[in-house]
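Next come two complexes, and both contain chain A; in the first it sits with chain B, in the second with chain C.
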Partner chain A sequence: MKIAGLIVVLLCGCLLIYGTVDFPEWGDPASPASTHVSPYYIETTMEDTSVPNIVTAVLADYRGYDTMFETIVIFCAGIACIFLLRTYTHQAPETRLYRHIPTGIILRIKKGGKLPEDSTDFERVDLQWVPYDLIIKTACRVVVPFVQLFALYVIAHGHHSPGGGFQGGVILGATLILYAISHDLRTTIKRMSEKAVILLSAAGVFIYASTGALCLLFGVNYLDYSGLAAILGVDPVSARSHGILIVEIGVGVAVMAVMVSLYYNLSSVGKQDEGL
Partner chain B sequence: MNIVSTILLICGLLFFTGGAVGIIRMPDFYSRLHPAGKLDTMGILMTMTAVALYNLHDFSIGTVLSSLKIILIVAFLFITSPTATHAIVDAGVRAGLGPWTKEETKEENDLAT
Partner chain C sequence: MTWQLDHIILSLVIILALGAITVKDLLGAAILFGAYSFMMCLLWAIMGAVDVAFTEASVGAGVSTVFFVAAVFRTTRRTKD
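So, the complex of A and B:
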């Protein structure tokens, strides 16, 4: 059976390699990929949109629809994860662990016991004990703001350098996940609640789609940002550049929120109570 | 300037080599993390300083800025790299991995022969 599988795989591989024979030469100017639209993009991006980074211009302006639906795909992934994993029947765990902060003693409180919920001397600890690690906590607290600043830079600087909404959003989400790993899930949820995360992921898609719809109101095509020139107070060419920035912000917000939402649900098996 | 940055680069590469050899040669988890955490950080400091110095070849505000950015990379690595090593060691201790002793190797050798 294994040999049969190997033969099938080898045959498929040979067919695929045979298929590459018909490919055009590497960098061939007459190949289909570089004859139709790419010369147009390369030659006119600067005049059309005043964006030096052609990739960003193609992604968010010329092919705006594509990117909008990519954002929606990411949003759907987050929603699907919530539908599959989230459990809303609230079952309090049998026992809970509390740490007395001044002494570091851990108390185990069984079901029905009095919980020191509103005391400032006690903090709740996960059942799989998370150690009191000052080094990791402090280092993450120092690093997180800088990483977030870098993420904002990546989003805003997508016009001039590699970057944009997707990359910046992922970095932003990663900072929140880093915070959740170095502290614990409850601390992060206190900072950014589940509701806020879901609302933000929807808001990101909304920003993108409504920017397109706003263009319709000014009598141009959907996602043709030159229509926004009247509100932004600039000429149509720079309006397209600013429109790209607006939709990139939308993409960044959506990606960040979906990443955090996925982490919340996966790390706590949908309970969002105790997790990593 | 060129000579200084070359010397720094060679020193940094020496540290990196030490780290790479250490990861292979050291006997167990904890002692392997020792070269991984320390020598890499030092090697980064040396090589990045060399790059920053070389970048200052033609002195202007632009090159000073990019040199400062390179030094910033080193600063962040100095915070994060030891922390990461610390976290890995912490996880090893909590998973119940004991440190290596000479008796253990003896036993292994006895079993092998």
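So, the complex of A and C:
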């Protein structure tokens, strides 16, 4: 059976490689992709939208539908992960570990024992992941705000440089994941609760879709941001540039929330109690 | 210079992909997959698709590796086949 599978895979691989022979040369100006719409984008993006980065303009303006449904796909992935993994029947773990902070001694408290929940001298530690590392904690705490600032820069500067909502949102989510890895999952959930994460992932999609719907109210097509010129107080060309920024923010919020939600559920098997 | 670099990265992509599917240790496979994503990111950057390279670096090499490690941490580290 294994050999039959190998033969099938090899055949498919050879067919795919054979198929690439028909592809146009890399960077060929006469290829179909470079002869129909690409010249239009290259020549008129600056006049239409006043966005120097053509990729961003195509992604969020000319091909706004694609990006909106990409965001919805990511939102659906987060929701599916919650449906598959999240368990709401909460069972307290049999034993818990508490570290006495001044001495570093770890106490194992069996079920029914008295838990030092309200004491400031004790902190709860995970059963599987216990090393206490001051250097990693401090270093990550110093790094996180700068990385978050960079993520906001990536989202806001997508018009002029590579970047945009997806990349910035992923980096913003990665900072929270870094915080969860360097401290623990409960500390992160205290900062950003599960409810907030789910609400934000829906809010990001809502920002994108409602910007499009707002354009409809001004009598232009769905996601044609030039209709927003009246409420933004600028000319229609700048309005398209600002509209791109608004939807990029929506994408960033949705992607960030979904990444954090995926990590919460994956690393704690849906219990959101003890994580990586 | 560029085509030598191209060939080195392309062969690294193939080696890392083969390594990621043959290695028995799933944590190692996750890390090899992250390295594979990073090599793909370099390839995109060489071809001038900087936006795609940025996405590949943040999603492929960054967050998805963390997700794989989290999944390995919660399941098993050894593969059966």
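Following the convention adopted for this analysis, the second predicted complex is superposed on the first by the 256 of 276 C-alpha atoms of A that agree within 3 Å, B and C clash if a C-alpha of one lies under 4 Å from a C-alpha of the other, contacts with A are read in each partner's own complex, and residues count from 1 in each chain.
Basically, a contact is a pair of C-beta atoms (placed from the backbone, for glycine too) under 8 Å apart; a residue touches a chain by one contact, two chains touch by 3 or more.
Treat the numbers as computed from the prediction; the structure is a model and nothing was measured.
Chemist: Chain B versus chain C on the shared chain A, clash or fit?
Modeler: Overlaying the two structures gives chain B and chain C room side by side.
Chemist: So, A:174: does it touch chain B (first), chain C (second), both, or neither?
Modeler: second
Chemist: Thinking of the overlay built on chain A, is A:225 touched by chain B (first), by chain C (second), by both, or by neither?
Modeler: neither
Chemist: Now for A:146: first (chain B), second (chain C), both, or neither, which partner does it touch?
Modeler: So A:146 only meets chain B here.
Chemist: Once chain A of both complexes is superposed, is A:136 in touch with chain B (first), chain C (second), both, or neither?
Modeler: The answer is first: A:136 touches chain B but not chain C.
Chemist: Name the chain, either chain B or chain C, that contacts more residues of chain A.
Modeler: When the residues of chain A touched by each partner are counted, C comes out ahead.
Chemist: Please work out how little space separates the C-alpha atoms of chain B and chain C at their nearest point after superposition, in whole Å.
Modeler: Comparing every C-alpha of chain B with every C-alpha of chain C, the smallest gap is 13 Å.
Chemist: Enumerate the residues of chain A that count as touching chain B in its complex and touching chain C in the other.
Modeler: Of chain A, no residue contacts chain B in one complex and chain C in the other.
Chemist: Of all residues in chain A, which touch chain C in the complex?
Modeler: These residues of chain A touch chain C: 26, 55-56, 59, 128, 154, 162-164, 166-167, 170-171, 173-174, 177, 181, 259, 262-263, 266-269, 275-276.
Chemist: If you look only at chain A, which of its residues touch chain B in the complex?
Modeler: It is residues 131, 133, 135-136, 139-140, 142-143, 146 of chain A that touch chain B.
Chemist: Applying the document's contact rule, which stretches of chain C touch chain A when the two form their complex?
Modeler: Within the complex, chain C touches chain A at residues 47, 50-51, 53-55, 58-59, 62-63, 66-67, 69-71, 73-74.
Chemist: Where on chain B is chain A touching in the complex?
Modeler: Against chain A, chain B makes touches at 76, 79-80, 83, 86-87, 90, 94.
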